[in-house]
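After this come two complexes, each holding subunit A, first together with subunit B and then together with subunit C.
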Partner chain A sequence: MANKSVWSDNRFWQRSATWVTGFAAILLIWLTFDTSAQISMGTDKDIQNKVTKRVPGPTVINYKITYERSPKRGLEVPIIGGNDGKGNSLFQEKEKFFGRDDWSEKEARAMLHLGKLGSQAKNCMDCHTLLGNGAYYAPDLTKSWLDPMWEDGTMQAIIGGTLGKELSKEEAMAEFLQHPELYPTHARQMPNLGITKKEAIGIVAFLKQMSSIDTNGFPRNFGKMKGAINGK
Partner chain B sequence: MANNHLTSESKQLATWYLTFAAILFGAQLLFGLIAAIQYVMPGFLYGILDFSIARILHINALVVWMVFAMFGSVYWLLPDETGIETIGIKVGKLAYWVFVAAIVVVVLVFLLIQVGPASDTTIWFITEGREYIEAPRWADIGIVVVALTFVANLFLTGMKGKQTGIVTVLMADMIAFAGLYLAGMFFTDNISVDQYWWWWVIHLWVEATWEVFVGAIAAYGLITMIGAHRKVVEMWLWIEVAMLFGSGILGMGHHYFWIGTPEYWWEIGALFSALEPLPLVAMFVHVLYDWGKTQGAQNANGDETSVITNKPAFIWFVLNAFGNFLGAGVWGFFHTLPQINLYTHGTQFTSAHGHLAFFGAYATILVGMMYLAVQGKNGIKVMKNTKTSIWAVSMITGGVMGMTVALTIAGYVQVIVSRAQMGATWAAYFDGQSGVWFTQAMDWRLIMGVITFLGFLLLAKDLLTTGKNPVHER
Partner chain C sequence: MFEPFTDVVPSFFGWINQGPLTLTIFLHTVIILPMIFIYFQEKKRLENEE
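Moving on, here comes the complex of A and B:
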């Protein structure tokens, strides 16, 4: 009689399960250390030193942000303060944010903190997606700062027209966030969530900073598609 | 109820857990219906119970009813597996009431207060605003305490009584399940770090620890319902644990494609998550194989009766084996590769997968456990199908499948129109949403949702009237 095969031995499979699980868990923990270092938020010093971080620091709000194709990586990346022509950020071109382009790290961090807290306190993620995660009842906010609706002045005209004054992009966004029910763009309307002016400014800072995060090219071709759609 | 055949305190507590789970299941479907109506009629309850609130209640009721049913299932099987009464059952009962009270308070706050100012107070007492784990911080702490009580009961009982393979797997699995919740209990300004750890809770629950839990419950079900051989069942269970954790833990990479995390997650996520359906195929084959084997052995002895001692429960268990494969496996695989996920990420595609996977992988087997508990509580030897039980399972399954197909079509429209054709902007989003294929899909989703809810009402009726039904053998 042949000996009983190890393949039908429960102890063998129990040990295998333990080893496989342990190995996978250790690998995940190791990768977590590497990823954590790569996605830690940058600082103002990084920006001054022209260091590209996957998650730039809060003072990125002082700079012009675009989303352009990097020939080297073959996908779109956030470009901060101008493009060197090869898909790298120059960290030069500034952009006024609520009238200033010299927000200190402390000020910018406070705005971002308030905005991120606000995004949670108002349950943004249960209608919108952020970095593609959340609910699908309203548009994705990952690159909303760069949306053509704001870039080409459509929303500024609607909101500014209602209020009878000229508004910058960030001012119009903050106004929209405080009174979304006044500016419907679709039958599905954002409700008034009691967002204060200060909170709205914080949320806009949060959205601008989020648009500067390197998301490996998600969403693809954002705002690049022009011309005839549905025969229009 | 009058005729209670349960002598075990643990099983008694299990019925409490399963009953509250069934109530929350109903609540989940109700709030889902409200959200589905809002897709069709955006003005419905606008400013009173907005979509975000309906959805929070829809998905949180889902998670919580499943956790309740999971705890209940463990309390139910512990005495059978270990051969002794569960240790610390008094504390377990106290923890149950704490849990129920906490859930009721959280639901009322979600319903009546909804949102708060951008402050830590809101995070602590109103909402944390992170999908699936919106429960405020105070409730998080309460949930951890309750979960630890449960894990302690399980460990003390498992160590003192007979420690079967099933109990060993559950002990290892449940401590990971409880511990992982801690990864979701902090605040950070960095949304990439936020979502990185958020997935530790969500993914490592539903694509790792919960799946292993299902493997253990299925093993228990096969032994109790059809008299499958423990040695075979437990060997399969260990193989499944190896395959589920071996693919599922690093399969987490498929959530790290686009949230700011490095590009190497593309390869890791693609490889391991592509392997995730394999154990689900194995589980399905295993359930059918064991069924055929035990039935065949009985037939060979000249006995042509069924080996199944609880027909409705067994139907739900088989549905689980197939639904897990189809919903989690096939629908998950559809969009798990980064080349495809670049376009499907954040569309109704995910929602289609979510509906079929949560139903197929978890709802089914937990409803099966409810049937097992009803059988035990009423002292039934052989539980048969009734007209109601057949209608219930058919309508719920048909309804969820219908919703899934509708959402998949809606997802296609989004992928093609909003993403590929128009480049994912605000205007692109609404253009996709206004397309006739999308709106029709949403109409069908609502209709199928209503069918699911009616099926649930029949299920509740069937579970509640089993005790008086003379059709079952006692």
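Moving on, here comes the complex of A and C:
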């Protein structure tokens, strides 16, 4: 039958669909492994060797983290320990975290673990967003460590003023987490969730490490906040 | 036309995500070209069946 079209032939569509479905399945399995390799956490060795990982190792809490525009990538990237001028981390400039800048990998990992469990136990995501998961009832916490309100010392002044002593950023954050009801900063006030001092320190470490994760510029509106990038 | 590769580490999926052209080339290679190949095979088969 000369005028039977291939387009109305069942086998053509069957074979095409089999090929596309099969290939897509293989591609997705490959993507899964490719992604898990890219999002797995780095180690202290990576930081020592100045290797930029998408998720830096736990000892990143010993370093100064800033949020700067990468001209090459056209978005903001977390810069760890100083910028080489081209948007790459130098892993040099340290920053004291609760009085120390020599937290070992084991200690830092334990703090992050406690912070992560704490954030889950207190259900931060009920109101906040962490790395794209959660709610937008309260501010996005993905880059909260770099929030201009904490960067320029506003929050430290409010909390330190109430307590009558000078506080560093992480100390003020830990204090805020333990007694949020004392420091109304927002139209919607955070309730006291009974976070202990140890948990608060862990959560602050967790937030600091989270802000050092390269999220391809997410959340997009964070960079538009005054003071969020390069202090501008 | 070709954007510079800007991802953190070079990867195949980063290359696909570079811009519309790389994605188009990829999808044409893995979907359109095989379908053209299958089309001609099936056409030949139908002609032989006659």
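Keep this in mind: the second predicted complex is superposed on the first by the 193 of 232 C-alpha atoms of A that agree within 3 Å, B and C clash if a C-alpha of one lies under 4 Å from a C-alpha of the other, contacts with A are read in each partner's own complex, and residues count from 1 in each chain.
Here is the rule we use: a contact is a pair of C-beta atoms (placed from the backbone, for glycine too) under 8 Å apart; a residue touches a chain by one contact, two chains touch by 3 or more.
Keep in mind that this is a model prediction, so the values were computed, not measured.
*Asks:* So, does A:R54 touch the first partner subunit B, the second partner subunit C, both, or neither?
*Replies:* Both partners.
*Asks:* Go through the superposed model and pick first if A:Q189 touches only subunit B, second if only subunit C, both, or neither.
*Replies:* first
*Asks:* Using the touch definition from the top, say if A:S104 reaches subunit B (first), subunit C (second), both or neither.
*Replies:* It touches nothing on subunit B or subunit C.
*Asks:* A:L31 contacts which: subunit B (first), subunit C (second), both, neither?
*Replies:* Touch partners of A:L31: subunit B and subunit C.
*Asks:* Could you tell me if A:K4 is touching subunit B, subunit C, both of them or neither one (first, second, both, neither)?
*Replies:* Second partner only, subunit C.
*Asks:* Touch test for A:D214: subunit B only (first), subunit C only (second), both, or neither?
*Replies:* Both: A:D214 reaches subunit B and subunit C.
*Asks:* In the overlay, work out which of subunit B or subunit C sits against more residues of subunit A.
*Replies:* Touching more of subunit A: B.
*Asks:* Could you say whether A:E199 touches subunit B, subunit C, both of them, or neither, answering first, second, both or neither?
*Replies:* In the superposition, A:E199 touches subunit B alone.
*Asks:* Contact-wise, after the overlay, does A:V20 reach subunit B, subunit C, both or neither (first, second, both, neither)?
*Replies:* In the superposition, A:V20 touches subunit B and subunit C alike.
*Asks:* Determine where on subunit A the residues touched by subunit B overlap those touched by subunit C, and list them.
*Replies:* Shared contact residues on subunit A (touching subunit B in one complex, subunit C in the other): 16, 20, 31, 34-35, 38, 54, 214.
*Asks:* Of all residues in subunit C, which touch subunit A in the complex?
*Replies:* Touching subunit A from subunit C are residues 4, 6-9, 11-13, 30-31, 34-35, 38-39, 42-43, 45-46, 50.
*Asks:* Tell me, which parts of subunit A touch subunit B in their complex?
*Replies:* Going through subunit A, the ones touching subunit B are 8, 10, 13-14, 16-17, 20-21, 24-25, 27-28, 31-32, 34-36, 38-41, 54-55, 58, 109, 112-127, 129-140, 142-144, 147-149, 181, 185-189, 191-194, 196, 199, 202-203, 206, 210, 213-225, 229-230.
*Asks:* Which residues of subunit A touch subunit C once you look at their complex with the stated criterion?
*Replies:* 1-2, 4, 6, 9, 11-12, 15-16, 19-20, 23, 30-31, 34-35, 38, 52, 54, 72-74, 214
*Asks:* Looking at the complex, which residues from subunit B come into contact with subunit A?
*Replies:* 35, 38-39, 42-43, 46-47, 50-53, 55-56, 114-120, 122-123, 126-131, 134, 165, 168, 187-196, 198, 231, 234-235, 238-239, 241-242, 245-246, 249-250, 252, 255-266, 268, 342-343, 345-348, 350-351, 414, 417, 419, 421-431, 433-434
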